[in-house]
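In the part that follows, the structures are each spelled out as C-alpha cells.
Common to both upcoming complexes is chain A, partnered first by chain B, then by chain C.
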Partner chain A sequence: MKTKDGYLTLNILIFVKATIDRNAPLDPDEIFPGDRDDKSDVMTNNYDKHAIEAALRIVEEKGEGKVTAVCLGSDMADKVVKEAIAMGCHGAIRIENSEAEITHFFSVAKILAASAKKIGEYDLLIFGMQSYDYGTATMAPMVAEFLDLPLACFVEKVSLNEGKITVEKVIEGGTRTMELQMPAVLSIASTGDYEEPRYTSVRRIMKASKTDVPVWEISDLGIDDDEPSVEFDDIEVPPARTEKCVVIDEGDPNELVGKLLDTLKEKGLNLGAFK
Partner chain B sequence: MKQLTKIFKTLNFDKETQEQNEMILDMVYELAMNEIIEKEQDWDEEGAHFDPETKQVSYPSGMMDLYKKCQQNDLFSIIVPEKYDGFGLSYTLWNAVIELMARASLAFSMFFPSQGLNIEIINKFGTSEAKEKYLPLLASGDAIGAMAFSEPNAGSDISAVATKAEKEGDSYYLTGNKIWLSHGGAAGTYITFAVTDKSAERGRGLSAFVIDPKIAKENLEVVRIEEKMGLHGSITAQMALDRVEVPKENLLGKENDGLRLILGSLASSRIGIAAQAVGMSETALQESVNYSMQRSQFGRQIGKFQAISFMLADMATRVHQARLLYLNTAQMKHIGEDTQVESSMAKYWATELAQKVTYDAVQIHGGYGYSREYRVERLFRDARVLTIFEGTSEMQKTIISRGTLSRAQK
Partner chain C sequence: MTKILVIFEVAKGKIVGLTKECLTVVKSLSSTMKADVEGVILGSGIGDLAVEAGKFGVKKVFKVDDPQFSGVNILYHTRTIEALIKESNPTLVIAGATLYGQELMPRLAARFNKAMFASMKSFSVDDDEFEGIHPLFEEKLFVKMEADIDQMNFTTILGGNNPEAEPNESLSAEVVDFIPVIQDSDKREVFVEEKIAKVSVDITKAKLLVSGGRGVGSQEKFVVVFDSAKALGGEVGASRAAVDAGWVPYDHEIGQTGKTVTPDFYIACGISGAIQHLVGMRNSKTIIAINTDEEAPILEVAHFAIIGDLHEVLPELVKQV
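Here is the complex of A and B:
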C-alpha cells in the first residue's frame, strides 16, 4: 500500500492451486480435485510452495507486510488454503469453483485477475512457476496482462527498494537482473533462493485450523464474460506403446552397421543417402 | 499414508482436531519421506561416534540438522500440555508421528519414544519446579529426553538396580553404572532410579529422579558406546555415575516409590515401540511391492507369481493388524483408560510381526535382499532389536498373562 513515504505496508497476494496428489492413483475421468471424493488425493501444487516461501521471505526481510493466499477451487481445496496459512501466510481466500468447475487457463486467469482487483490493495502478485498437473506456466503472464502490470517469470532472487523491486530471473544459460515498478507480477523458480520451501509447523497448523477462510463466488467478481473460452471434451490415457527395443551389439562393427541399416529398412524407414 | 489416515477417520476426533491431525501427519510424512529416508543408509554406515579422550558422543553427519527441522516444526511439543509451551494433542497423533519417522529411519525415530516418556513422567510425577524447568525444554526439543534404567545386573529384572542415592542436605548423590542408554551423553534430561532405602525389601526402596547433566557435570560420564547389530545411527551408551548431584526438586513422586512409578509409565512408551515396528514393516512391505513389480523372472514380474503375491498379502495384513493394535491402544490412553495390558499386547505383537515382515521382505528380494545396497537388509537388522528393548517379548507376555489371569480370578 502506497503512502507518501514510499511503501509502508507490503501486501502480497500469492496464488495457489489444488492439484491431484502425485501419489494418488491416476484416473483420466478424475483429473481435477473436484472430481475426487477423498481429500487425501489432493495436494498443493508443489511449485506454489516455492512461491509461498518467496512471499514470506520478502515480508520477513522487510520486517513487515501481509501475505494473502488466493485459491480457485472447490471445498477439496480447503486443505490447500489451510496449508498456505500453516506455512505462514497471514490469511487466505478461496474462490468457489464447484459447480461448473472452470479449469481452462484463460478463464482461470481472468477470475484470478478479477479477484486481485476485488482485494484492491496489492504490491506483488506471486505465482509458482508452473502447475504440477498441466505445467503451462501461463498463469502469471496472463494475469499480468489482464491487470496491465509489469511481469518477471522464473524469479530466483528478489530485493525491494523504494517501491521498486529488483529480481534475478532464470533465462536460458544464465540469469538476468531486472528492475520492476510495483505493483508487479512474479513467478518464482523452483531453484535459487527459494529452492527449499519451509514446512508447516504444529503451531501454525493449530492457528490455520482456527482461521476462517472467506469463500467468494465467481459471480461476485464482476467478470462480464464468464463463458469458458475452451472446454475439455474428453481426456484419455494414450494407448500403451507396443514397439520393442532391438539391440544390435554383438559382432564386427562394420557388420553391425549393415545389420542396423537392414533392420531399419525392414521397418520401412526412409534412409535417404544410406539406401 | 492413506491406510493410516483412513484409520484416523474411524477414531472419535472432532472435525477441527481431525483436520489438525491430518495436516500434522502430512507434514511429518513429507519430512520423513523427502529428507530423512535419504540419509538412512549413510547413518547406518557411519554410525554414532564416541571420543574416549573427551568422552563426547555425537550422532552421524546430518542427523542433527534434521532434528533441528523437527524442532522448527514443533514436533516434540505435540503431547506437552499447553501450560508448558506444548499443544496438548493426543497420544494417538504422537504415536502415528513415531510410525512415520520409523518408516524413514528407526535410528532417527529413536528421538521420539523416550522424549514422550520423559514428558509424561515429569508431567505426572515431577515437582512444580521440575515441570516448569524441563517440560518447555523437552517441548522445544532443546533437551533430548533419555531413560537410564538398565544396569549390568538389572535388565528384565529391573528391581535389581544397584545404583545408590544418598541424601545430603537438599540434594541426592547418585553412584552406579547404567547401560543401554539411548542418547546417553547427548541428552538434556535422564530419567533414572536408584536405591534410597537399602534396608527395604527388594524393589521397595527405589526412588525415581530426573538427572540434569548441567548440574551433574563431569560426574556423569560416558564410558563407551555399543557396537550393535543394527540401529547404528543411534547412540547407545554405557554411563558411569560418580556422586551425581540431583537436587531434591528433581525427585519424581515420593521417595522409595520409584519402581511402581516407572513400571507404571513404561506402558506408554511401549505403544511407541509398536508404532516403530509398524513403520519399519510398512517400509519393508512397500520396498517388497515395488521390487516384485519391477523384477522379472521366468518371463514375468515376480509379483505375479502366487508364491510372492501371497507373501505380500500376508505382509500387508500383518502391517494393518499391528497398526490397528497400536493406534487403538494409543486412543485408549488418550481418552484416559488404563492400557497396561494392551500396551504390552501392542508392543509384543507388532514387534514380533515386524520380524516376519522384514524376513519376508529379504526373501522377496532374494540375493539382493542380503546386499547392503538394498534397504530391506537394514530393516531386517534394525527390526531385531524391537522384540528386546523396552521389555522383551517374554516380559510382555508375563505382563499380559498376569493381567489376563487376574481378570479370571475376579
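Here is the complex of A and C:
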C-alpha cells in the first residue's frame, strides 16, 4: 500500500486452517475440527506454518509491515489463530464457521476472497501450499482468480523491490523465477527458505490467548450462493496394511545388521543379489 | 459432439510423463463417452511436439507456438486456454496434477466459476456423472467426488496411478495454430528464468537404491550413501531435503518433485518420510528404513527398519552382505 510520501507499508494477510492433528486418531466420520470435542485433536495445518514463517520474515527483512492471520473455522480453530499470533502475527480475524460448516474448497475460496476484500488493504495474500486434510492445493489459485490477482505457487524464496515481488518457485527438476506486481497471492512450499517455521513458546501462547480476535460472520461477507459444481461424497478407508514393519532396535550395529539379514533371508530376500 | 480437452505439458523439450498417464485415462473416458479428444500444447518452437501429441489418439491439436511462451508463464497459459475453452466448449478439461497442473487448473476452473476434480487417484465416467477418488490426510483416507456430466468439468490426475499411454506411429492429428491471448493485465506476472538441473543418472531403472535424507547430516557424510550403493550394486537416491541442502544433485531426487521409483530394494537412510517423499517410493518391493527415530513416518511404509545411526549401520551392512 503506497502512502502519500511514497513509502511502502506492507500489509500481509496469511490464511491459516485448522485441521485434525497428525497424532490424533483418524475417524472417517469426524474429519473436521468442528466434529471433535477435544482441542488436542486440532492443529494448525502444518503447511500453513511455512506460510506464516514466510510472511513474518518478509516483514522482518523489510523492517516494517503488518501480518494479519485470517482463519475460517469454528471455535475449535481459536487455538490455531492464537498460535499464529504467538508465532508473531500482529493481528487475526476468525470467520465463524460453526453453524455453516463450509468445507468445500470452492466455497471456502470464495469466503476467503471476500474476507480479503472486506479487509481491503493488502499487498500480499499468503497461503500454505496445501492442507493436510483435503490436500487439493486449490486455495491460493482460486482466491487469486476470484480477486483477479497475480499468483505464484510453491514459492521457496522471495525478494521485494518497489511494488514488485520476485519469487523462486519449485518446479520439477529445479526452480523458476517469476516477478509479480503486488498485490499478489503466494503459496509457500514446505521446502526452501521457509522450510523450518519458528517455534513459539508457552509464554507467547499464553500472551496470545489474551489477544482479542474479532469474529466475522460469513453472512456479512456478501458471497454468492453458487453450489460447487463438484460434490464430495462417501469417505473410504483404505484396506489396512496386512504386514507391519519389522522393527529391529536392539543390539550394536553388528547385531542390528545381522538380525536384518537373517530376517530377510527367512523371507527369501537377498540383498546381495546385485553386487 | 462431446469433447475432451487434454492439456499437454512440456518440460525439458518433451511431453511430460504425467500427460501420457492422463492420456490413458482419457482413452477409456472417450470410448465410454463417445467423445472426441482434442489437445492443446503451448511453448516456443514446439512444432515437432504438436505432431507427436497427435500420436496419442487426439483428433485435433491446438498449437500455441509463440516466443512469448518460451518460458512458462502460467497466467499466459491460463488466459490462452480459457479463450480456447470458450471457443471449443469441451465437456472435460484434463491435465496432470504436476506442480504446473495444480497451479493452472484451479485458475481455469475458477474462471468458469466451477469447482474441480483436484488430484484424482482414479477418474471415470458413469451414465450421467464423472466420478473420482481423491486422497485425504496424505492417503490415509479417500473421498469420492462426483459431478454432473452436463456441465463443463476440470480435473487433474495424480501421477503413478495409470500407465503412460504409448504413441501409435500410425496415428496423426490435425494441428491447428491457436493465436495466444495475452492481456496487458497479464503482464503483472513476468517469467524471469528457470534453473533445471542436468540429468546424468537414471535412478528409475535401478534394482536397488540406497537413499539419503536430512538425517545424513552433510555433503561430506553423504559419501557413505554413495559408497554403500556402489558396494551393493545399486544407485543413490535422495529426499528433496538432501537435494535442497546441496548434498546430492537433483537427478537423485525421489518424490513429488523428483522421480518415482519401484526398485526391488529401497534402503531409506535418515529419511523421516514426508508424504512428498513417500509418493515417489512407496511402491518399492522391499523397503528398509535406517533411522534413529522409531516414530518416523517412513516406518509406516517400510517393511523392515533398523533403529540406529546410519553412519554406523550402513558400513556394517556393506561388510555383512
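We adopt the following convention: the second predicted complex is superposed on the first by the 220 of 275 C-alpha atoms of A that agree within 3 Å, B and C clash if a C-alpha of one lies under 4 Å from a C-alpha of the other, contacts with A are read in each partner's own complex, and residues count from 1 in each chain.
Methods note: a contact is a pair of C-beta atoms (placed from the backbone, for glycine too) under 8 Å apart; a residue touches a chain by one contact, two chains touch by 3 or more.
No experiment lies behind these values; they were computed from the predicted model shown.
Asker: In the superposed arrangement, does chain B or chain C reach more residues of chain A?
Answerer: With both complexes superposed on chain A, more residues of chain A are touched by C.
Asker: Please indicate which partner A:Lys210 is in contact with in the superposed arrangement: first for chain B, second for chain C, both, or neither.
Answerer: first
Asker: By the touch definition at the top of the document, which applies to A:Asp123: first (chain B), second (chain C), both, or neither?
Answerer: neither
Asker: Examine A:Leu261 and indicate which partner it touches, taking first as chain B and second as chain C; both and neither are also allowed.
Answerer: second
Asker: Between chain B (first) and chain C (second), which does A:Glu53 come into contact with in this model arrangement: first, second, both, or neither?
Answerer: In the superposed model, A:Glu53 contacts neither chain B nor chain C.
Asker: Go through the superposed model and pick first if A:Lys82 touches only chain B, second if only chain C, both, or neither.
Answerer: First partner only.
Asker: For chain A, which residues belong to both interfaces, chain B and chain C?
Answerer: none
Asker: Going by the contact rule at the top, pick out the chain C residues touching chain A in the complex.
Answerer: By the definition above, chain C touches chain A via 11-12, 16, 71-75, 98-100, 102-107, 109-111, 113-119, 133-148, 151, 153, 185, 188-197, 199, 207-208, 231-234, 240-241, 244, 250, 257-258, 264-265, 274, 276, 286, 288-289, 294, 299-300, 302-309, 312-313, 316-317, 319-321.
Asker: Please output the residues of chain A touching chain C within their complex, sorted ascending.
Answerer: 20, 26, 28, 31, 104-106, 109, 132-138, 141-142, 144-146, 148, 150-154, 166, 170-181, 184, 190-192, 195, 226, 228-238, 241, 243, 245-249, 253-254, 256-258, 260-261, 263-264, 269, 271-275
Asker: Which residues of chain A touch chain B in their complex?
Answerer: Listed in rising order, the residues of chain A that touch chain B are 23, 39-40, 79, 82-83, 86, 198-203, 205-206, 208-210.
Asker: Residues of chain B touching chain A in their complex?
Answerer: 1-2, 5, 16, 19-20, 22-24, 26-27, 30-31, 69, 72-75, 77-78, 87, 89
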